[in-house]
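One structure, as structure tokens, below. Some questions next.
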Amino acid sequence: MKALDEVDFRLLPGEVHALLGENGAGKSTLIKALTGVHATDAGEIRLAGVPVSFHGPAQAQDAGISTVYQEVNLCTNLSVAENILLGREPRRFGAIDGRAMRARAAELLSRIGLHIDPGSALGSHPIAVQQLVAIARAVAVDARVLILDEPTSSLDAGEVAELFRIVRVLRDEGVAILFVSHFLDQVYEIADRLTVLRNGKVVGEYATAKVGRLELVRAMIGRDLTVLDEVERRSERRVPSEEPLLRAENLGRAGSIAPFDLELHPGEVVGVAGLLGSGRTELARLLFGADRADSGHVYFDGKILKLRGPRSAIAHGIAFTSEDRKAEGLVADLTVRDNLILAMQAARGWARQVPRRTADELVAKYVEALDIRPADADAVVGTLSGGNQQKVLLARWLVTRPKLLILDEPTRGIDVGAKAQIQKVVADLAAEGMAVVFISAELEEVVRVSDRVVVLRDRRKIAEVSGTEVTVDDVVALIAGEAEKVPS
Amino acid sequence: MTAPPLVAPPREKTRVPLTSRVPSRFLPVIATFVVFVLTFGAGSIRYEGFATGQVVANLFIDNAFLIVVAVGMTFVILTGGIDLSVGSVVALSTMIAAATLRAGWPAWLVILAVLATGALLGLGMGVMVHRFGVQPFIATLAGMFLARGLCFVISVESVSIKDGTFRDIALASIELPGEVAITYGVVIALIVVAVAAYVLHLTRFGRTVYAVGGSESSATLMGLRTGRVKVGVYVISGFCSALGGLLFSFYMLSGYSLHAVGLELDAIAAVVVGGTLLAGGVGYVVGSVVGVLVLGTVQTLISFEGTLSSWWTKIVIGVLLLAFIALQRLIVRRQPVK
Amino acid sequence: MTRSRLLWPLLALVALLLLNLVFTPSFFALRIQDGHLFGSLVDILRNGAPTLLIALGMTLVIATRGIDLSVGAVAAIAGAVTCTHIATTGDAIGGMALALGLCAVLGLWNGFLVSVIGIQPIIATLVLMTAGRGMAMLVTEGQIVTVNNDVFAKVGAGFLVLPIAILISLAVLAGVALLTRRTALGMLIEAVGVNPEASRLAGVRSRTIIWTVYVFSALCAGVAGLMIASNVNAADANNAGLWIEMDAILAVVIGGTSLAGGRYSLTGTLIGALVIQTLTTTVYTIGVPPETTLVFKAAVVIVVCLLQAPRLTRTFRVPVPQKAGA
Amino acid sequence: GGSGGSAGNSSDDTITMGFAQVGAESGWRTANTKSIQESAKSAGIELKFSDAQQKQENQLKAIRSYIQQKVDVIAFSPVVETGWDTVLLEAQRAKIPVILTDRAIDSDDTSLYKTFLGSDFIDEGKKAGKWLVENSDGPVNVVELQGTTGAAPAIDRKEGFEAETKSNPDIKIVASQTGDFTRSGGKQVMEAFLKSQPDIDVVYAHNDDMGLGAIEAIKAAGKKPGTDIKIITVDAVKDGMTALANGEINFIVECNPLLGPQLMDLAKKVVAGEEVPERVVTEETTFTQEQAKAALPDRKY
């Protein structure tokens, strides 16, 4: 199999160069080939005109190429400070100087606007914080080349702005920056030039200023995008059926989220908005029973529901996709088919195997519906591109036809076309009567798909807004409004 | 446009609900230590003459070699590997020492030869694991067969060590205050522990060991020299086993091919009891030392009990081990079981 | 991929058999004697049956990221209980049933420690490895219990053309293969082994699954223990199944199953077990002196591993399986 | 002066003995343990017993703890010959007499222990060899089932046997392999021998259990043990004696595990300060098939 086919590609000092393409186009593979993770079987790489060949990322780093790979590739068992400075720890008398290290890490973190304890374990932070830490690690060195593979996939607007500020500073210092993103807005904001990949081939190289969105999207997907604008703001606000599907009363968990009330109606999409660390994921995990609540009750279909763990939630028709697909989502070594039917199979019990034919039909259906590539049921999921993995994860829950679907960052790392597709799927599911909880760092998306938006701040539900007139700015105002009063 | 603050202001509470200031990663070690102290206390109440300084000192004297071996094992396990060869390498070391001393080699040369052999065997296994991608379990099982086999090739019978230097080191004791005496073996073992702790926590090599254990692929993508570390830990373990073997030969003053049979399980048990995760990335050498002391205490309790039949001895060892682990888990229980 | 990985162990097996042929020209000779097959190959099968059986149980345990060190002790207990029962009552069937029932309980115990208490499998089963042998000795009072029972003798040494022991093991192999591949058990076991947290969130009953594999492993060990005891018509609590856990794990790993859990191969385990037993028999037949036996074994294991492991991992550079939710 | 003189054991008249057993690795060893425990009770000696699980280091620990507990006499069956000097020196300093049982130690300093009570493994091998030399005519092909590689009885029984049979050029050891002192080991090795060795006249097994395993293998091959192939073993445990009486074994050299009574006698003398011989050989005999039939009814183990 050929992942990359004779790609020619130039990266100039002092420019931000965006690499674009659909999920599975070969962006990450190109980056891995450039940095010596994958061996190349043809072609050469020149760094500042000198031919180089890297046997492993360590050599690429030594040559001044600093990379943030797509999935967060850090060690969750180590502290934040260590993850930032591993391999270049400050030393005193030959020994690692822990205090200096934490101080340096804190400084680097504050550079990207993250104020967390550098001594805390990385694993205790959500995936978005981990992603920021990875970025902090990459910008900590004086690199000649900085490569960022989807660094913004789970960040919200504020963090993205902060990241771009740093990127601009580095660019002005003459660093060559390669940037991968599925957010066209971001690309237009930051990139000087772009290269588009499709199926492992370069489609074209453009100056950002000279190429329009539609042209760009056409280059990426090879045809005109039709679905993109289909999912418009849902025009009429759905009248929730008087009986809520799920009603949470005073539900909370000490140290994770303050008790809150929430009603979810069939056929309704409820968005959850909030800052990084505001407790969105926690709210979702409580509703699903992944974490145990220590206060409050959940009523489901009018009856009180004892959530003893994911199984009991699933049994009642509640589904949850985790934001951390690598650690909590996919079973990397198993095939697409196995991953796709995992939840369904688990619900049926081990004795009643999902028949092979049914499984293959389901795979075929969702490969088609979500455009999963490669369209091979026997592909090992770990080898799929990030976006395609995310689609498999989503499909896993769609096949169980839940009554309530909780999506935590379902569009993380998903390309423009597929993102619209997923939003459409969500809209369709709701239209069919499913209740959906939709969490995303991208506020536009939340506002666009939701009938109602729950706003969280500081691990507390502070507001609930609904109606067609709700705008992103309203939500931002809610999130930010009182936050400014909190002394920091 | 004024960007809202990036993240919510820091909160006191974190996801791991721990009221104390003790970082949760120390909990298993502390728990093991607490359980160790409790058991020791129980022993002192039950048996006369148990709570003497010398009994504690004996724990170290009798287990000095195991401490050293467990330290090496800790390195390997921290990277997510395992080293089954340690027992055999200990035996091989005693055998080489005894045989070369009998052949008239000077003591220093013998010591060098033994340590070099251990490190070399470790290197071989490390290369198998890293370069050829052989699973650590098999690579070191082969090493185990090889080392034990070499023992038999050298001599089937046991060989006494009569060398003056070795005897002097073996028989010398260091008086501590309170009428407690320890051997040089204990001193060496404690030095090894200190050096190991230094290496693991204060050098890049050591931190990379943890990183590799946490996630090898991530460590590689972070640009760390994972290969060097993966081979390195087996060299260290081989070296520690050889050093442990030397301590064992001081302790026994003999070389024998059936010495230290099953020691690898003791070492692994000590490391794991000490709170290190077999999956790698989590654990401390100090934990392994406490683990060794725990196993030693079990043995001491049994010899103080003094009337157990052979089978009850085995059962009691199992039960005590279980009690330890269960208590330890009870203390650490608040951590999520993943 | 698994198929090509099995190529090398298979070749090793063939090479070992051919080596025997060089030393003993009649090695492959089979003759019918008293209505059953007789020959070195048959011996290999019969003597390898207990290891194979235990390795089958071990394969599933390893697939869930576990390990079961207690199998040798459980085998000893099964033999001890059965022989003691036979010695006192003469009832072989009852004795075997009793023993297997007890083994199931021991498996439940291991599963309890691992899945409910959350103890690391190696330590959880180490407890039973130590105490279990003591229990076996307690049953026999440290003596070798010799029995004389035709029914019991069949399990380990009987023939139905082929040795009954190997027929049992192959039947279990077929049964497990069917059970795990025709139901979803295999896939769920692998899912739990690769990513326990993701499986939990997908609603997999990981606890039940882990519990099941330990019980299965203990039952396999129990039957193997019956075979070992029956083969010599005696229960030797001290030596029955001593270090067999190592052989079993080795068989599993030679068969290409990773100790890190996940994908497993029962066929691989079969080949692995045969390689190990052939190796042992080879040592006896070609007259390797006992002093160099281990060096010889080490050499074979190293060669098999080096042949098996490198090429695939180098050429495809399959990304190292990500460790999730450690 | 030291602390806790009163920590010593009990009143002056009862003797406390610390006994450090190797383990319980065989039926022979269990019989040995039982004999010691029973005779201690009947001799009125308080016995502290520990099982070392076949590990020398555990035995050392046990002996150290006996020294700590200030027992009156220490006895032990060494796992291995070497490596006892240090701990025995400690015992000597603590003025606790030491008795070796079962197996000697390799030390230049014989003052470290009072006496050694036990069998002579080399002699056992010699007895077996002698019987073979006396009872064979014409060429004899012997296969040897060795004990655990490196174990002292295995080494010595091999050595003794070879020394005795060397004199007769007709006796050839055609194959020798370890069966680990176990029945299954003996059976497996014998199965392989039966296929790789065309002519086997005699099996020499280092213990009864391996011999019993070999019998199973010989039977399975369609031959008659004791007649088609002669069998010589060492130990004389009950199962072995039964097989001998049934004609499936031809000759057994006894290795007596019942050291208890002799040990207690020696212990009393040693504690009383009496002189004891440096070496006490246990009374051991050999059994032919006829002798076995006669002896079997009142065999204790």
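A, B, C and D are the chain letters, set down in written order, and residue numbers restart from 1 in every chain.
The definition used in the following text is that a residue touches a chain if its C-beta (ideal position, glycine included) is under 8 Å from a C-beta of that chain, and two chains touch if they have at least 3 such contacts.
Remember, predicted model here, so these are calculated numbers, not experimental data.
Using each chain's Cα centroid, which is most distant from the centroid of chain C?
It is A.
Averaging over Cα atoms per chain, report the distance between chain B and chain C in Å.
Averaging C-alpha atoms per chain gives centres 29 Å apart.
Using Cα averages as centroids, what's the distance between chain B and chain D in whole Å?
35
Please work out the Cα centroid separation of chain C and chain D, and write it as a whole number of Å.
So the centroids are 33 Å from each other.
CA centre of chain A versus CA centre of chain D: separation in Å?
71
Could you check chain A for residues that touch two or more other chains and list them?
Counting only residues that touch two or more other chains, chain A contributes 76-77.
What are the residue numbers in chain B that touch two or more other chains?
152, 156, 214-215, 217, 220, 281-282, 309-311, 313-314
Where in chain D do residues touch at least two different other chains?
24, 30, 33, 149
So, with touch as defined above, which chain pairs make the list?
Taking the chains two at a time, the touching pairs are A-B, A-C, B-C, B-D, C-D.
So in the complex, the part of chain C that touches chain D is made up of which residues?
Touch list, chain C to chain D: 23-24, 26-27, 33-34, 38-40, 43, 47, 137, 141-144, 146, 157, 228, 231-234, 236, 238-240, 280-281, 283-287, 289-291, 293.
Report the residues of chain C in contact with chain A in the complex, numbered from low to high.
Listed in rising order, the residues of chain C that touch chain A are 182-185, 187-188, 190-191, 194-195, 197-205, 209, 262-263, 317-319, 321-322, 324-326.
Looking at the complex, which residues from chain B come into contact with chain A?
3-11, 13-17, 23-25, 198, 201-204, 207-208, 210-211, 213-215, 217-225, 281-282
In the complex of these two chains, what residues of chain A are touching chain C?
38-39, 71, 76-77, 288, 290, 309-311, 314-315, 320, 322, 326-334, 338, 342-343, 345-354, 382-383, 396
Can you name the residues of chain C that touch chain B in the complex?
Going through chain C, the ones touching chain B are 69, 113, 117-120, 122-124, 126-138, 141-142, 196-197, 237, 246, 249-250, 253-254, 258-260, 290-299, 301-302, 305-306, 309-310, 313-314, 319-320, 322-323, 325-326.
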